[in-house]
Amino acid sequence: MWQIFHKLGSPKWFFGIATRLMPWLLAGALALLAVGLVWGLAFAPKDYLQGNSYRIIFIHVPSAFLAQSVYIMMATAGVVTLVWRMKLADVFVKAVAPVGLVLTFLALFTGAVWGKPTWGTWWIWDARLTSMLILLFLYGGAIALDRAINDEKSAARAVAVLVLVGVVNIPIIKYSVEWWNTLHQPATFKLTEKPSMPAEMWVPLLLSVLGLYLLFGWLACLRMQTEILAREQRTRWVKEHVLARRAG
Amino acid sequence: MNAETRPLIKPQESAVSTVAAMRAVFSRDMKVAFRQRQDLLNPLLFFVMVVTLFPLGVSPEVSFLREAGAGILWVAALLSVLLSLDHLFRHDFDDGTLEQLVLQPQPLFLLVLAKTLAHWVLTGLPLVLLAPVLGVMVHLDGNSIAVLCLTLLIGTPVLSLIGAIGAALTLGLRSAGVLLSLLIIPLYIPVLIFGTGTVAAATEGAPVGAYVALMGAFLVLAITLAPFAAAAALKISLSNS
Amino acid sequence: MLFRDLSFSILPGTVTRVEGANGTGKTTLLRILAGLNDAWSGELLWCGKSRNWHREEFLRNVLYLGHRPGIKALLTPMENLRALVAPRRPVADSVLHQALSGTGLDGFHDVPCRRLSAGQQRRVALARLLIADEPLWLLDEVFTAIDAKGVSAIEALLQQRAAEGGAVVVTTHHELQLPGMRSIKLGEVAAQ
Amino acid sequence: MAFDSFTAFILMDGHGPYVWVCYGVFVVLIAGMMLWSWRRHRAVLQACRRVHETTDESGRGSAQPAPATFTRVKVSQD
């Protein structure tokens, strides 16, 4: 058991697996995203309340969903970093934090644009959007801290502590922002809350969520490989890898 | 040369109790702070000045100030705590006392708790005591001022505790001050929301007991978790130096 | 990476000197031994038990003096010494006074440390050695800012400590020659 | 197809600009992220290759650094 765990943590082993996995991830991601988004854009029925603007849901929800789960993944990896000192976990956190930041920004941006036809204004201090904005700050803080510390190991562990503190705070932030929202404005109808969604709407939504997950998997693999190469530059296996690729 | 022939020193078993060590850490921080009284005054002056900016910069009208007053005071208090956090570990880090603190044979998180408590007594508590004066200046009514002070009393320790994590994480980094704010402000938001929200509820005459209890829960959560995170962060920062 | 395949034991009753040029990791090694640096892998045993699992027990038994003396400039030597010693064991003030006098700080006991010279501030930290009963001392650059007379007095102190059965590990740029001294040489492995 | 014509599809009853801006930004950012990550990967790979091609078979590059002498270095002033 312990040995398997360590093998899983070995950068070299991961590098090999990722190389084999990546074409499948990319192909799956592009196929699912293409079907999901085209279906959502052109074929899903118009929403009776919001009209066609609701079609933003097919990118807003996947981005928001993934942005939050990436932060939770980072926190999980942070535990691994702090407890087992696994190099791969350090690499994961560093590699995916910018992806999480971009996804959070996308969720915010699409939410804001969606607000214009729905509420008639670009920005509304809606509970979901506000929580997303705070999540953006949390990502920004983690990335800034990582960049500020020169030593890789210390940076990984410091960021792990920060992300763990953040993940404990996320439910508190969500709860408090929702409470604050009810305090300041009587409940208007929320962007993504639906009593019941017909299958022609939620199936493409599901497809695009899955597609974006796979795309994240591909991005994470690629960026982790980059980070591993940079860190393990001097090792024998990297040497064999880069020289073999030149020959082949 | 045979080591066995020498008189061996027996390894030490007993140590000073953790409570006594915590008290020592607390009283040393207090002593150092009172040798440099100006540093104690600075966050308070900052607090007063930020509050002054709002009537000057936005509007001195009673209706505006009464509505925004609690928020202004809370934001100003939050910022001045944030400003003072940089000192929490920095001097100790520079002169080497932090190394000795980490090497004390007591659980580090409790020593960090003692240091954080000292920080609160030196910065948070004076803010709470000053708040009524400023509350009058922004035309809050008596009941609101009382509730405001109560929320500050419960909230500022939370600010110190969460801030200790950030201060420990950014120890020894360049431009640590700005970075510290970036890391900590998002984590301060719930405290700010409930602090001002409770006062707003009080101004409308709604019962505030539940909200105050909730803030108390924040405080308990922060006391139990934050010292662990700050202690871990301190070890990481020292290991890096 | 500063060093690899490093293996040694520190025995009671000996002074061990860590040798090596600048940048070979003398201070790092000492900080690793003290538990201030976590960036290493391997095994570190204290009395046959893993140090990391018996941290508090280990810390009770070790005295570490770093580059930075751990002296607060705003406090007096007396207050500083008390703060450094108190968390380890209760010591009467009269003993602390004796220790400070023993390092040549007579008359300065109640002057804020910021008024003292660098050498005098170091002496406040070194006063701990006169009353310390921790079996293991880890001393990083003990002789920094100390005058020649002070250096020989400290050498004698270290030797006396070894004779009592204490274990001392020092790093220093001074020529330190004590009978029975052991040494750990750093830098040669790294240069290979 | 939920729309009668291609024009209707583009206009989306006046919501077109909002929808298309969102999809555009989404595609640009995601594709940009992929491209950026890929180029960085290639750059690091090439850097690794350069490191290993310049070192000889023994792997560690040229031997030990010269010991410090602290002799003054002549600075010519032409």
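To keep things simple, chains are lettered A, B, C and D as they appear, and every chain counts its residues starting from 1.
As a working rule, a contact is a pair of C-beta atoms (placed from the backbone, for glycine too) under 8 Å apart; a residue touches a chain by one contact, two chains touch by 3 or more.
In this text, all values refer to a predicted model and were calculated from it rather than measured experimentally.
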Message: What's the farthest chain from subunit A if centres are computed as the mean of the Cα atoms?
response: C
Higher-contact pair (C-beta pairs counted), B-C versus A-B: B-C
- request: State, to the nearest whole Å, the distance from the C-alpha centre of subunit A to the C-alpha centre of subunit B.
  value: 32
Query: Rounded to the nearest whole Å, what is the centre-to-centre distance of subunit B and subunit D, using the mean of the C-alpha atoms as each centre?
result: 41
Query: Which whole number of Å gives the spacing of the CA centres of subunit A and subunit C?
result: 49
Task: For subunit A, jot down the residues that touch at least 2 other chains.
output: 151, 154
Task: Send over the residues of subunit B in touch with two or more other chains.
output: 236, 239
- request: Give me the residues of subunit D that touch two or more other chains.
  value: none
Query: How about subunit B: which of its residues touch subunit A in the complex?
result: 162, 165, 169-170, 173-175, 179, 182-183, 185-187, 189-190, 193-194, 197, 200-201, 218, 225-226, 229, 232-233, 236-237, 239-240
Task: Within their complex, state which residues of subunit A touch subunit D.
output: 37, 41-46, 51-53, 55-56, 59-60, 63, 98-99, 102, 105-106, 109-110, 113-114, 116-117, 215, 218-219, 222-223, 225-226, 229-230, 233-234, 236, 238-239, 242-243, 245-246
- request: Spell out the part of subunit D that touches subunit A in their complex, as residue ranges.
  value: 1-3, 9, 12-16, 18-19, 21-23, 25-26, 29-30, 33-34, 37-38, 40-41, 44-45, 47-49, 51-53, 59
Message: Residue numbers of subunit A touching subunit C in their complex, please.
response: 151, 153-154
- line: Listed in rising order, subunit A residues that touch subunit B in their complex are 82, 134, 137-138, 140-141, 144-145, 148-149, 151, 154, 157-158, 161-162, 164-166, 168-169, 172-173, 175-177, 179-180, 183
